[in-house]
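You will see two complexes here that share chain A, one where it goes with chain B and one where it goes with chain C.
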Partner chain A sequence: MNFSFAQKIKLGLKASLVLAVGSLPFNLAAQTSVNEDQITFVRLTAQQYRNSIRDIFGESIEVNGNAASIGVREAGLMAVGGRRLSLSASEVESYEVLALDIASQVLSPKRRNTLIACRPQDENAIDNACAGEFISTVGLHLFRRPLSEAEIENYSAMARAATDSLGGFYVGLQAALVGMMVSPEFLFRIERSTPNPETPGTRRLDAWSRASRLSYFLWDTTPNPSLLAAAQSGDLMFEDGLNQQVEHMVASPRIEDGLRAFFSDMLAFDRFDTLDIDTTLYPKFTKNVEDEAREQTLRTISDHLLNQEADYRDLFDSRKTFLTPALAALYGVPIPIRQEMGGRVPWVPYEYPENHIRVGLLGQATFLSLFSHPGASSPTLRGKAVREHLLCQTIPPPPGDVDFSLVRDTDNLEFRTVRDRLSEHRDNPTCAGCHMLMDPIGLALEVFDASGVYRTVENGAPIDTSGEWLGQEYDDVRELARMLKEDPTLTSCLVQRAYSYGTAREPTRAEVQWLNTTHSQLRSEGMRWQELMQRISRNPDFYTVPEAAPKEN
Partner chain B sequence: MARRIRRRIAIWPGITVALSFSLLTISLSSLAAETRGYVISMVHTATYYDEQTCPDGTNGSRPDVLIRRVMNDGYDREEAIRIVSSLRINGGRDDEGNLVGSAIVLGGGASFDGDQSWNGFDFNPANVPGVLPDPMAHNAQGRYAIGLNLNDEVGPNSWEHPHTGETGIDNQMWRVLGCWDVYYVNKPVNPYNEGIAWDTSVDAMPAWLISVTGEDLNSDGDVTVTFDRAINIPLRDSYGSIMSGATFAVDSNPRSHSEFKGRIENKILTIEPGDFYMQGESQFYPHLQFTETQLRFEMKQDGSMEGHIGGYQPWRDYYHYLSVRGETDGMIDLIGVFYDLKRFADAKPDPVTGENTAISAAYFIEAVPAFHVDHNGTLLADSVGIGPELSGPAVSQYSTVEQ
Partner chain C sequence: MISKNRKFNRRSLLRGAIHGSAVVMGLPILESFLNNNGTAFADGTELPPCFGSWFFGLGLTPGRWEPEVIGANYVLPEHIAALQPIREKLNIFSGLQIFLDGKVNQNHISGAQGQMTGIVTKSAADYDESFDAIIDKQFGANVRFRTLEVACDGNSSSGWTARGKNGKTPCQISPLELYRRIYGGGFIDPNRAEFTADPEVMVRHSVLSAVTDQRHKLMDTVSSDDRSRLDEYFTSLRDVEQKLAFELERPAPLPACSIPSISDEEIGTMVAQVQNTHKQFATLLSHALACGQTRIFHVTLGNAFSTLRLPGEPSAYHALTHEEPINPALGYQPKCKILGEQCMGFFVELLRAMDSIQEGEGTLLDRSIVYAFTDHGEARLHSMKNLPVFTVGSAGGRLKTGLHVAAEGDAATRVGFTIQKALGVVSNRWGSESNEVTTPFSEVLA
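The block that comes next holds the complex of A and B.
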């Protein structure tokens, strides 16, 4: 029987993969003590997986698929929930398929000579020296630490077995590479810590784990050679060495990758995966517009915080953004057109006119659609999102016996606007407590329908956007945005979320004190993103692990 | 030159200084007119039929054309049907196994060589239709057709408009096309061949634009109407319709710029006759051109426009549209249409031969609100209104019009 190349690989790998995964010290969703060492796991996001593959093997390697399942949000962030994630059998299988495809690209005849430094003496037989060199070199980048002698031997044995049974050196290397890529050492950020001699009662990450935490925090990818070298030399364990790396990384254009990943998490972009705005009701909200809306938000944030080095607070009433032709049509504004036809989507920088109703992140289709129902806007969802995602507040879930029939009756001619329909909840003592927190914010945004299109009436009745924020009255979303940006909770939430995002856990009490101090300083200095990143990354506590971590189990 | 709104779209880092000429224009135009922009969302031959249109029946469609051609070669109807039915199986052979050359579809890149030649012609007869005999197809008759009174006369060949009652409608193109099944439709059905050509072209074809400028477009009054080609293509909404409220940059090349004096009366837009030319780049319309052009558009409450435009069109233009599409998609007899276009042409006699070179024609047009800008990003026309009901309730923040 003849087997294709891929079939041969799969056949050769089946047994060895199970052995490889099973043989590693691996206890997911758990904190493992090995003598004094402590190990914690944080699963790579789909984007981190892609970025890591790109940076290790080059941009020409295509990652055709996504093996990671949807994560869980904890303490406001998917990153924190990532510490809770394990791997199901089906996910291991998906990662295996992905790894097979990537390994076949990496070791394809057209790439192998570029990506592998050594050559086998005979392409049909094992070359132990060359295989060992490949495994230790690639393994350093995949595992973000040097492989032990036992690990190198383990994967070399896998390569030998596959070479012997399938008759090709590179087939053997593919087997070893796939084995490494389905290892939890690659799929998870495995953070190793030891007791901190300087501050008894705390633990600190080792140099390799520091490099990983820093790299995924700032660049959303695997540590680069410079960072690995700093870990190897031990420089990362000292203030000067750490600061040097932080300074370089924050100044790099790649900081944008980290920024995009953080705000995608903080602003709940995972909701795009299940977004289902009814395009029969909102025909301008096409799939392209949905994708462009997401990009608009990230471009706006990135440009504002990195290129303009502007204050985070100004994102909420800024009139500057970027638009595509389709987004401009959705928003009902003209944009300059300089591209004749075809090609990539033409993004243009755009500034809304003075006093335009659409300002800031809350006026963008991303926020407006993500926190709407498929067929109607939702002041409650939008208000809840502002409270939870931007102000780090918690709104309890509704009681189980709430009657939603009037709120959902969007064609009700007696209660024409959603403000009228929600009055029942605001007047009901059981509901009022939470709805008074959420609805006024969302009602100010009611001039934007579920797709983000501007409107002035609902069912023929004029939309009233007035409300009150912390005792101050506002007439519309522009005034609300100005009040929101003055609220210290907005900026303290950013600082706290950024710290939690980097550590993938909630801050300890001591860390909260540091965060409060840092927040006060940054608020008076101007809430610059790169400064925030610098301060967090240079903080020694950022690389510590709470001794008692009751939520880890 | 139409008076237009000229406002700089805010492009940051801020284009704040305009040329002094532009500033002058802003101050002048802001005193007076408003300009509304539109993008054409559908064009096709204006169709209309009733029981009087084809009293002898229609000409059928492509299979009927082929069967008639084979019968003209001496076969009876039953064998002709068998021959045409076996085209894809054996290339169209008779009961004795002979290849029947006339059982072949013309135009649209059909190949003619070797055994595929038609009765000895080793070229596509669609390119020289006069070499074949006139099949004498049925022509549209009756009292009614869509169109415009182009010559301000009521003649023996003119029609009456079925909806407005206007007499003297000049649309001899309809006589040519009206009894082909593919055109024998009433709105909202489009003639299939033109509809599908438009639908497959519109995503790659620079848009066709209309602007209307006047003192107050919500009231009766004189206006200026322009047609222009854009440099960018239309967008689609989730229904596949042309999205309203999009921005189009007007092609600075004047070849596709047509301008007319016009008037709005009771929400009906009309123009004084003039020349019209629009470059097309579509599968059907490489260009569209008329002389003595008129139009009648209804300006609808939702901001869109709908109506028809017409004039005298070079009849060879239309034959070219059809022959490029071919009988496969056109579903007409190219040879028959060629002879009928020539026969019913009613304008622009050739000074040498005396044969008319143009034919009166009318086309349906639908247009939705759109912004127009120039190549510098200066706003030329405002998108006003929400467009058709299903295109989403966008309200322009730029509108100078009470809504």
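The block that comes next holds the complex of A and C.
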């Protein structure tokens, strides 16, 4: 399942990868890629950092903490926002401390023999050849491209200086490793582009940057040896070579990491970080349940799209999911309890009975809680989330000078349900435009409280979940889900988000045309994840860099 | 990253590892090193001024916080009576606003953004350099941490500071982690007799210097759009390099410096949790200032859509401002008024922590300016008018105090500009469009 560069590094000069690097005219390759090109860059996410460390140095290396960081959601995705972010001093400080810790683990006596191919002649003195070999090998994976001779020399100089100061070859290597790990070449995904001979006026990524874009898109991690070899040979620049890599990567189980990362972004899982459902009001919604709800959603999506190879649209009215005992209690359904060894959460595949009210992603505690207030459900937040995160639509912020107080006036007997109270918004012309877009969707979900528990009454009054979607009337969330899945906006949003996620930018006009065509084809053929990934990854435009447009405040 | 409702104890965090060897820190020194001779360094140099910004969301109840008297000798209205203990060191600014200049009001964002950056942007995702960064440049790099930013609601993105146009600065959310950051590896007690530079720190410093040297090469190839982002990264890297350089030099003695003690933490959004977190941050930050670790800090009680909650209350503060009916008899939203008063209570805890650190005849608060600001004049209506703004402290006599300044619809950026002037920033203007100001409040400049 997991490739481990650690093994490759151990095999060192004997392994095909390192042989390739050793025999590669990488000084030339590096010079052409470093000196002549233009670069843009995207900040690695915390998960990408962890995955990269895991895959470069092996799973036994612990990443003890994260750099506190702020993401920015742009064009619906944190991935796109990552292209506009830098790193603050506190983040760099955290990364330096993290690098010290990781470097000390990598070069600890118990690991160094596994992870480093060569041995110094004297452990108390610098060994330039061995240091250079370590730096060039590890540097290839950390920087996702070969290091130039000058770079190898720079990091070797760090190792020499540290060895001289502190006495010890491996302490010197630690210093060089820390230097590489705090370099922007590692902390950012640097994309080098050259003028595109096929389309003058545009630029295209070089082979190493293609490898990175592809790898973080499909697997959410650093390129593996096979991909780096394809970059080094230049195969990635050609259709056949690219397709071969794409086919292999999409078929790999590692595709699940990429899928999880994408949907965590698209479905705004960053809100989990500050989710604060009040456990005094919703005692079943413990921290464990919160964690399990997140996993339930990812597990459901992953199983549906990858294992079942089913259509994305069916996620919205599917009765199949996975449950734990705590989630089953939250949802009020019986599941067989299995005792598992080692304290693992026993996930059970579960299918709701036919006509059960809880169907699809919108019926899961993840969606229902992420878009609620701490002590109350919110039809407006839920409706807005469907519009913005699933349909790629934008709801403008509410205007000033609006008195919302009726919304919560539960003492007024005429307004016992939130539907009654929100009617004020729909009747107020200032509010109606937006609330008519959001509230009907959210009101269909009012049978689920802020924690996702099913209910039929609010303040003693029955909850009315009926509404209208694109001129069609529905009675409840099941019917709404069926209408939603038929809406082409749902699938076009997925296609557009997936593309933007991979490129970390909004599509150009030309790309939008391609996306529209692809969307139409997939709607008729089946909106299947692997097929979508294949098509995006094989599209030459996916590896282009548009000219920057002037920014306005 | 962000966490919530976490419980830690100190011992679980007082461990680190450098080069494979565990470093276990000693428990805090409880006794104080304070004496009454701390107004200056041993060479007679005056202790430098400090600056802090403090954000509380959702403003105050309109008409109930503004003193009747303009100028000196005002009486604190009951709504902000919590500030009475520092009344003589307080300035109150009323009648200020942030102009949108036709842009969409990014509710709960535009107001605070305008006050901290001088610029209101079209998109909430855009954010410019905040004025504490301008002050930081004026202060220079003679501290270990250029700035320290904290959030009391468990949300690291709640703050309002930025070094440039490339993203806001994340806040620390855990007092224990801040404790470890300040007093963990690298902290040198300025009052300790012996000092030896740590060779490992020297190596770390030289490594970062070497990485910084990559700057020119990358800057030559970066696209014009990304140049400022890369530049900001290297500025951050240089800050960390300077932090390590600071740790390699014997600091000047600071008699008022002592290492505080902190208790266990529980991060969350309930009033008691936020208060406890804030109180611990207040202690840590004031001691960090007294120990010369930083001169600039930023505290945010919560994010723009304040999630502060009263016990048993299903709605958070933000929701209450929009949903709580105005009590016809009282003429205001009672729960919102209580929460506003709680915020003032928290504020005074920070100020008292600073004021309790005696430095000669004055206090740490006396050589500081703390700037308190909020997002709306009336949160219920997302109003950008009559924003409550406060300054506390005189920065060593650079600012007059004890005044109520009643502006008449002036841009709120005038307060930030006044503070910059007081702290020595040389500039003729600050802000953009209608929020650009060229005249400080001269009545408070000493």
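In this text, the second predicted complex is superposed on the first by the 501 of 553 C-alpha atoms of A that agree within 3 Å, B and C clash if a C-alpha of one lies under 4 Å from a C-alpha of the other, contacts with A are read in each partner's own complex, and residues count from 1 in each chain.
One rule holds in what follows: a contact is a pair of C-beta atoms (placed from the backbone, for glycine too) under 8 Å apart; a residue touches a chain by one contact, two chains touch by 3 or more.
Values in this document were obtained by computation on a predicted structure and should not be read as measured data.
Aligning the shared chain A places chain B and chain C next to each other free of steric conflict. In the superposition on chain A, contact of A:280 is made with both chain B and chain C.
Judged by the touch definition given at the top, the superposed model places A:337 against chain B, while chain C stays out of reach.
When both complexes are overlaid on chain A, the residue A:122 reaches neither chain B nor chain C.
Of the two partner chains placed around the shared chain by superposition, neither chain B nor chain C is touched by A:240.
When the shared chain is aligned, no partner comes close enough to touch A:198: not chain B, not chain C. Legend: residue contacts after superposition of the two complexes on their common chain; A:353 is shown touching chain B, with no touch to chain C. Once the two complexes are overlaid on the shared chain, A:398 sits against chain C while remaining clear of chain B. Counting the residues of chain A touched by each of chain B and chain C gives the higher count for C.
For the three-chain overlay built from the shared chain A, the minimum Cα spacing from chain B to chain C equals 12 Å. Common to the chain B and chain C contact sets on chain A are residues 280.
Interface residues of chain B, counted against chain A in their complex, comprise 9-14, 204, 206, 230-233, 235-239, 241, 243-249, 371, 373, 375-377, 379, 383, 390-398. Chain A meets chain C in the complex at residues 34-35, 37-41, 46, 66-74, 81, 84-93, 96-97, 100-101, 104-105, 107-108, 154, 157-158, 161-162, 165-166, 171, 174-176, 178-179, 182-185, 187-188, 192, 273-276, 278, 280-281, 287, 373-376, 396-409, 548, 551-553.
Across the complex, chain A is touched by residues 1-5, 16-20, 104-107, 119, 121-122, 125-126, 145-147, 149, 153-157, 163-164, 166-173, 181, 199-200, 202-204, 206-208, 210-211, 213-214, 217-218, 221-226, 228-230, 232-237, 239-240, 243, 268-269, 303, 307, 309, 312-316, 319, 322-326, 380-384, 432 of chain C. Those residues of chain A whose C-beta lies close enough to touch chain B in the complex are 279-280, 282-286, 319-320, 325-326, 328-342, 348-353, 356-358, 449, 451, 453-456.
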